[in-house]
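The two complexes that follow have subunit A in common; it is paired with subunit B in the first and with subunit C in the second.
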Partner chain A sequence: MLAYTVRRILVSIPVLIASTFIVFLVVVNAGDPVANFATSRQPPPSKAAVAAFARHIHADEPAVQRYWNWITGVLHGDWGPSVQPNLDIGHDLFTRFRVTLTLVAAAMLIALVLAVIFGVFSAIRQYTAADYTITFFGFLFLAMPVFWFAVLLKQAGIWFNEQTGSQFLGTIGEKSPYLEVDTTWNQFTDRIGHLALPTITLALVSFASWTRYTRASMLEVLNSDYVRLARAKGLRRRTVMVRHALRTALIPLATVTALDIAIILGGAVITETIFQWHGMGEMLVESAATVDVYRTMAWLLLSAVVVIGFNLLADLLYAVLDPRIRYD
Partner chain B sequence: MRAQPSALTRGLALAAGLVLALAACSSSGGGGSSDKGSSAGLSSCNTQGKANTCNSAATKSGGTFTYVLEKNIQQWNVQDTNGNTFENAEALEVVLPQVFVPLPDFTVALNKDLVTSATQTGTSPQTLVYKINPKAVWNDGTPVTADDFVYYWRTNDGKDCPPPPASDSTQTKGCLPQSTAGYDRIKSVTGSDGGRTVTVVMAKPFSDWKQLFGAGYPLYPAHIAEKLSGAKAGDAAHMTAAQMTQGWQYFQKNPPTKYPTAGPYKMTQWVDNDHATFEPDPKWWGATKPSLQRLIFKVISDATQEPIALRNNEVQAIYPQPEVDLVNQVKSIPNVTYNIGNGLQWEHFDLNLHNPVLGKYTALRQAMFTAISIKDIMSKTVAQFDPSVKQLGNHNYVPGQAGYQDLVTATGQGSGDLTKAKKYLTDARFTGVGTALKTPDGQAVGPFNCRYTTGNQIRQSECQILQSDLANLGVKVTIKPIGAADLGTVLAGHQYDIIVFAWVASPFPTANAQQNWVTGGGGNYGGYSDKQVDSLIAQAVGTTDQSKAAALLNQADKIMVDAAYVLPLYQKPTFLAVQTRFVNMRNNSTNVGPPYNTAEWGLKK
Partner chain C sequence: MTDIEAAGSAGTQLPPTEHEFTVRQRTQTQLVLRRFLRHRAAMVSLVVFVLILLWAFIGPHLWHYSYQKYTPDNSRPPSWKHPFGTNASGYDAYAQVMRGTQTSLKIAILIALGSTLVGAVWGAVAGFYRGFVDAVMMRIADLVLTLPLFAIALVISSRSGGSWYWIAAVIAGLTWAYVARVVRSTVLSLREKEFVEAAKALGASDARIIFRHLLPNSLGPIIVNATVLVATGILTETALSFVGFGVQPPDTSLGLLVSQAQTAVDTRPWLFYIPGAFIIAIALTINFIGDGLRDAFDPRQQRVRQ
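On to the complex of A and B.
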C-alpha cells in the first residue's frame, strides 16, 4: 500500500506541472491588469506609477519565463506578487483555506452521516411512505438553487432572532467583531451562531445528492446474491445490513464524497459570498476578476493538491472497504 | 472608484428581492418609509441648505456603532496611488487630521480642531498661512507642528521623494503619490512660532489650494517617519529620499493601530478583511468628544447582503450603491432612516475620437447626442428608485457646487429632439438620414459599438436606449459588453466607439479637468484635443481666485459641449441607511464619505 501511495504521488507531479502551466498561460492572457490599474483610479496614476506596477507584477516578462520563475519561487516559499498591494499570497491562501475548512468540515460531516442514515433507510423501506418522503426532500434540496436557499435561510435566521429577542444567529462572517474581550462561552456561542446558517446551507445540498447515491447503491447490493445467501444462512438482519450490505454499498459513495469535498474545499463560492466568509471561493472570484495571475495560481495549486489528495484517499478507502482490492 | 456588481451579485440581489417580496406579504412591518428620497431622520437632507445639518440631535454616551466598508483595506497610505481608495479614506479620517474637510453639500469646511485659521495672505507669490491649534497633539504627546506639513509636502511633490527607479525590482524604493497636483507648485513650507504657524509659499499659483494637506488625504505623523528612518527629529526639511521612502512604506504597510494618531478615536484593532475597531481617544483635544463607546467598520464586500445585516442588527449603517431591490428591502426594515442623495459620480456617454468618422465630423457627434433622450434613459433606470434625478449639464461641476452652470441642455444635447438632430446632419450634407447614414463624401456611418461593463443592467439599458435613438438617424449600433476585468484594457486601448461609464467629480474640479479634458491627459481616453480648452484649463489651475477658476473652467466646458465629445447623463444616486436610534450621520457623497464627522455620531438622547 505504501509503495502504491508513493507511486500515485509521483504520478501526480507531472499532472500538477501540466495543469498549472496550461492555466498559467490562460490566466496571463485573460486580461491586462496594468491597463486596469491605469484606469481604475481617479486621478489616474502617473506614468511612473503604471510602469512601477507593471514591473512589480512582472507583466513585462515573457509568460514562459514568468511561469518558470513562479514555480521555482513556490518551491522556495515565494508565491509571487499580487496585483493587490501588500498582499502576501501564501498567507492569504492558508488563512482562506482554514476559513473554508472551518465552514466545510462540519457541514460535510453532518451531510455524510445524514446521507448514509437516510439513504439506507430509504433503500430498506423502498416504495414506502418514508422512502417517498425522503426522496421528495432529496430532490427538493437538489433542485433548490443555493443562492436562493441561503438567502431564505438568512430570513429565517432573522425571524428566529426576532422571536427570541436574541442576536444568536449571525448572517455575516465568522464571528461578531466586538466579542474579543468577552467571555469564552459567549465567544463559543457566537461562533456557533455564525456557523449555523452556512453549515445548514452547505449540508443540505450535499446531503441531497449523497442520499440518492446511498439509496441506489444500497438497493443494488440488497438485491445481490451474496446478501440473499447471507439472509438464507439465517444471519441476523442487522448483521446482514451493516456488515455485508452497507460496507459494499459505501464504496461508490466514498468516491463521490471524496471528490465532492475536494471540490468544495476549493471554495463554496456562493455560500461564502452570501455569508461573507472570506474563504477560497472569494479568493478565486477576486483573483479572476482582477486578473491576478499569481494569486489564481496559488489557488489552483492548493485546490489541485487537495483534489489529488482526496482522490488518493478514496482509492485507499476502497482497500479498507473492499477486501478484494489490494494495492501492491 | 467602485467595482461594478458582477452577474453573481445580480443574481443574489434578484433572489434577495424575491425572498423579501415573499416576506413582505406575510409581515405587517415597515415603519417610517415614504416614497420620497428619504425617510424619518434623514428626510430633510435633500432640502436646500440642510445637507450639512440634517439628522442632527443630542447624543448620550455609550453604544457600539457598526458601519459598513465595502472593500478590504490592504494598503494604508491613502496618499499613495495604490492606497488611494474610498475605504481607506473613510477609515483614516477617523484617526488622522486634515485641514479642509469636504462636506455633504460639496463645499469644504476648515477643520478648526487642527488649524484655527488657514488663509491666503498674498497672491504674488501666492502665500498660505496655517495657524495650528495650540492643543493639537499626536496621541503619544508629540505636538502637531509645521514639520508634519513639511513631510507631507516633500513626500507628495514628486521630486524630493521620486518614484522608484526601473532598476528596483521590488518597486518599493520611492514614493508614488496619488497626485502631485499643487504640491509640485510649492516653493517652500516653513514653520515659525515654535512650529505652530505654517507658511506655504507657492512657486506657481494654485487655485484649489484648499485641497492641500487634506480633502480626504490627511497628515501622517512626521516624527514617526523621522524616528524609524534615523532622520533628525523635527527636521523633515532635510530628510533624504531614502529616509522619506522608509516612512512612506511604513505608512503603507501598517494600519494606524501601530503608530500615534490625532483624531477623536484611535484604532484599537484591525482584523484584515474583517473589521476595524475604534475607541474614543483620551488624548483628543477637539471641540466635540465622541459619545460612542465603540465604533466598528465592518467589511462586507457583497452589497446585496448589507440590508440583511442591517435588519439583523449586525450593522447599524450601510452605504451601498442603490438599486431598486436594495432600496425596497431597506424601506421594509423598521426603525431605519435612509436618504437617496445626488452623488459626485456622474454617468456619461463618451465618443471615441480615434474613430475616423466620429473624430472628423462634429455635426455627426452633435446630431448623435441630440438624438439621445436622457429623460428616457433615466425613467427606465435610476428614476425607478430616485424620481428626483435630473439631467446633468456640466462636465466639471454638479448642482450645488458654486461653479455649476447648465451648459448642455440649451444645446439640445440629450433632449431626444429628432428634428434638430436630423437638421445637424442635413446641414452638414450627410445623406441617408433616418435610413442608412452616409458622410458627405459617401462613406457609411457606423455601425458603432456601444460598450458597457458586463452585468451592469443599468448601463446595458442605457446602451439599448442609445441604440434605438440612433437608429432613428440611420446609425446602426451594436451592443458589446466589456468583461468584468477588461474596462481598463478597453479604455486605455481605445477599443470602443461609444462607451458608458462614470467619473467622480470633486469639490476641487481643476485637477480632474486637467486629467480628463486636456490633450494627452491621463483620463482623456477618447483623444479629445483643443488648444483653447487646454489653455483655459491651465489658466484655471494657475489662478489664485476660485471664482475666476470656475469661470475659466465653464468657458472651456462650453467649447467642449459644442464639440460633443462626452455627454453627461445624470449624477449617480448615493444611498445611506442608518438605524434611527443613532443620530448625526449624513450622506456625504464626496471622496470622504459619511464618516467625515464620526466624532458627532452617537446614540440619540
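On to the complex of A and C.
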C-alpha cells in the first residue's frame, strides 16, 4: 500500500508539470497586465515606470523561461511577483485556503452523508412515492444554477434574522468583524452561523448528483447474488444492507466524489462571491480581473494538487471498501 | 396502433395461420424512436424545450419592444403591456429574457456541437489506431480533464470581451475530452466487430472506416453526451456571466440578468425569478431528454414502467 502510494505520487508529478505548463501558457496569453498598468492609472505612469513594472512581473521574458523560473521558485517557497504591490502570494494563498477549506469540507461532508442516506433509502423503496419524490428533487437540484440558489438563500437568511431579531445567520463574510476578543463560544457560534448558508449552497448540487449515483449503485448491488445469499443464510435485513450491500455500493461513489472536487472548487468560487467570503474564490476572481499571472497560477497549482490528492485518496479507499482489491 | 393496422392489411393476402405471426420488421432507428416516444417525461421535456427554443429565436422578431430600447415605464411589475415587467432603467424584461435565453441557448448549443465534433473524431481516431497514437491522444485528453473547468474558463474568458462564440469556444475547449473518452471506449469494442473486418477486406480506407462505420455506430452515446453537454454548457455560461466574465452588456444572457437582479430580489422579484426559472427549465428538460435518449439507445438500462 505504501509502495503503491509513493508510486502514484511519483507518477502524478509529470502530469502536474505538463498541466501547469499548458495552463501557464494560456494564462500568460489571456491578457496584458502591462497595458492595464499603463492605461488605468491617473496620471499615466512614465515610460520608465511601465518598463520597470514589466520587469518586476517578468512580462519582458519569454513564456517558457518564466514558467521554469516560476516552478523552480515555488519549490523554494517563492510564488512570484503579483501585479499588486506588496502582496505576498504564498501568504495570501494559504490564508485564503484555510477559509475555503472549511467551506468545502463542511459542504462535502454534508452532501456525502445526506446523499448516502437518501440514495440508499430511495433504492430500498424503489418505485414508491418517496423514491419518486427524491428522484424529482434530484433532477431539480441538478438543473438549479448555484448562483441563483445562493442569492435566494441569502435573502432567506436576511428574512430569518429579521423575523427572529437575531444575527445568527451570517450572510456577509466568513465571520463577523471585531469578534477576535470575544469568548471562544461566541466565536464558534458566529463561525457556524456564517458557515450555514454557503455550506447548504455548495452542498446542494453535489448532494443531488451523489444521491443518484448511490441509488443506482445500490440497486445494482441489491440485485446481486451475494446479497441474495446473505439473506438466504438468514442474516437480518439491516445487517445485509449495511455490511454487505452498502459497503460495495460506496465504491463508485468514492470515484465520483474525487472527480467532482474540481466542480466543487468552481462552485466555491461562486458561493464565496455571493456571500463575500475572503477565500480562494475571491482570489481567483480578483486575479483574473487584474490579469495577475502568478496569483492565478498559485490558485490553479494548489487546486491541481488537491484534485490529484483526492483521486489518490479515492483509489486507496477502494482497497478499504473492497477486499478483492489489493495494492502492492 | 400502426402495428395492428399493418398486420390487418397484411392479413387480407395471407392465410389466417400466418397472419397470427406476422411481425413487421423495424430498423434500429425506428426501435430507438419508438422507445423514446414512449418515455413520457422525455417527450414532455422535448416539447417544452422546442417551445422555449422557438420562443427565444422567433419571439424577438414579433415582440414590439427591443431588449436594448428604453421604455417610459420604470420598475413596473408584470402586466399585459410588459408580461415580465420592466427593470429600474425601463428596459422591457420580456424582450430581455427572450434575448438572454437566445444568447444562453446559442452558447450552450455551440458548446455541445463543438466539443462533440472534436471529441468524437479524437476518440474515434485514438480508439481505431490504438497503440502509440492512442496513448499520446488520450494522455492529452486526460490532461485537459484535470483542468478545473470553471476556473480556467473564468481566467481565459476575461479576455473575450463578451463575444458569445469566444465564450462557447473556451468552454468547448475544456469539455471535448469527456466526449473523446466515451467515444474511444465505444470504438474500442466496435473495431473488433465483423463489419469493420468486412470493410477492411473490401479495401476501405481508414478514414472511410472511421467516418462511415465506427462513428455512425457510436451515435447513441455521442447524442446522449451532447445533450448532457448542453445542460453543462448553459449552467457554466450563466455562472460565468453572473460573476462578470461571460456575456457583457449591452448584450445579455440569463446569467447576466440574474446577476443584475440580485440586489432587487425583494423590490423587483420578477426580474430575479423569471430568468432563473428559464435556466432551470432549460437544464431540467435537457436532462430529461438525455435520460430518455439513454434509455432508448440502451434497452438494457431501461427501467420498468407501469
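What to note about this one:
Just so we're on the same page, the second predicted complex is superposed on the first by the 322 of 328 C-alpha atoms of A that agree within 3 Å, B and C clash if a C-alpha of one lies under 4 Å from a C-alpha of the other, contacts with A are read in each partner's own complex, and residues count from 1 in each chain.
Note that in this section contacts are C-beta pairs under 8 Å (C-beta built on N, C-alpha and C of every residue); 3 or more make two chains touch, one makes a residue touch a chain.
Keep in mind that this is a model prediction, so the values were computed, not measured.
Of the two partner chains, subunit B and subunit C are each touched by A:152. By the touch criterion stated above, A:285 is placed in contact with subunit B and with subunit C alike.
Look at A:36: by the touch rule set out above, it reaches subunit B but stays clear of subunit C. Looking at the shared chain after the overlay, A:27 reaches subunit C, while subunit B stays out of its contact range. Of the two partner chains, subunit C is the only one that A:15 touches; subunit B does not reach it. In the superposed model, A:321 lies in contact with neither subunit B nor subunit C.
After overlaying the two complexes on the shared chain, residue contacts for A:312 are found with neither subunit B nor subunit C. More subunit A residues lie in contact with B than with the other chain of the pair subunit B and subunit C. When the two structures are aligned on the shared chain, A:303 is found in touch with subunit C, with no touch to subunit B. In the superposition on chain A, A:52 makes contact with subunit B only, not with subunit C.
The interface of subunit A with subunit B overlaps its interface with subunit C at residues 30-31, 145, 147-148, 151-152, 155, 269-270, 273-274, 285, 288-289, 291. Listed in rising order, the residues of subunit A touching subunit C in the complex are 15, 18-19, 22-23, 26-27, 30-31, 127, 139-140, 142-148, 151-152, 155, 262-263, 265-267, 269-270, 273-274, 284-285, 288-289, 291, 296, 299-300, 303-304, 307-308.
Contacts from subunit B toward subunit A in the complex involve residues 1, 3, 6, 8-9, 11-12, 15-16, 18-20, 23, 64, 66, 74-75, 81-84, 158, 163-164, 166, 169-171, 174, 176, 178-181, 252-253, 269, 271, 273-275, 277, 294, 296, 298, 300-302, 305, 308-309, 311-315, 483-489, 491-493, 503-504, 511-512, 515, 522-523, 525.
Subunit C makes touch with subunit A in their complex at residues 142-143, 146-152, 154-156, 158-159, 231, 235, 238-239, 242-245, 255, 258-259, 262, 265-266, 272, 276, 279-280, 282-284, 287-288, 304.
Those residues of subunit A that touch subunit B in the shared complex are 30-46, 48-49, 51-53, 55-56, 84-87, 145, 147-148, 151-152, 154-155, 157-158, 161, 167, 169-174, 176-178, 180, 269-270, 273-276, 278, 282, 285, 288-291.
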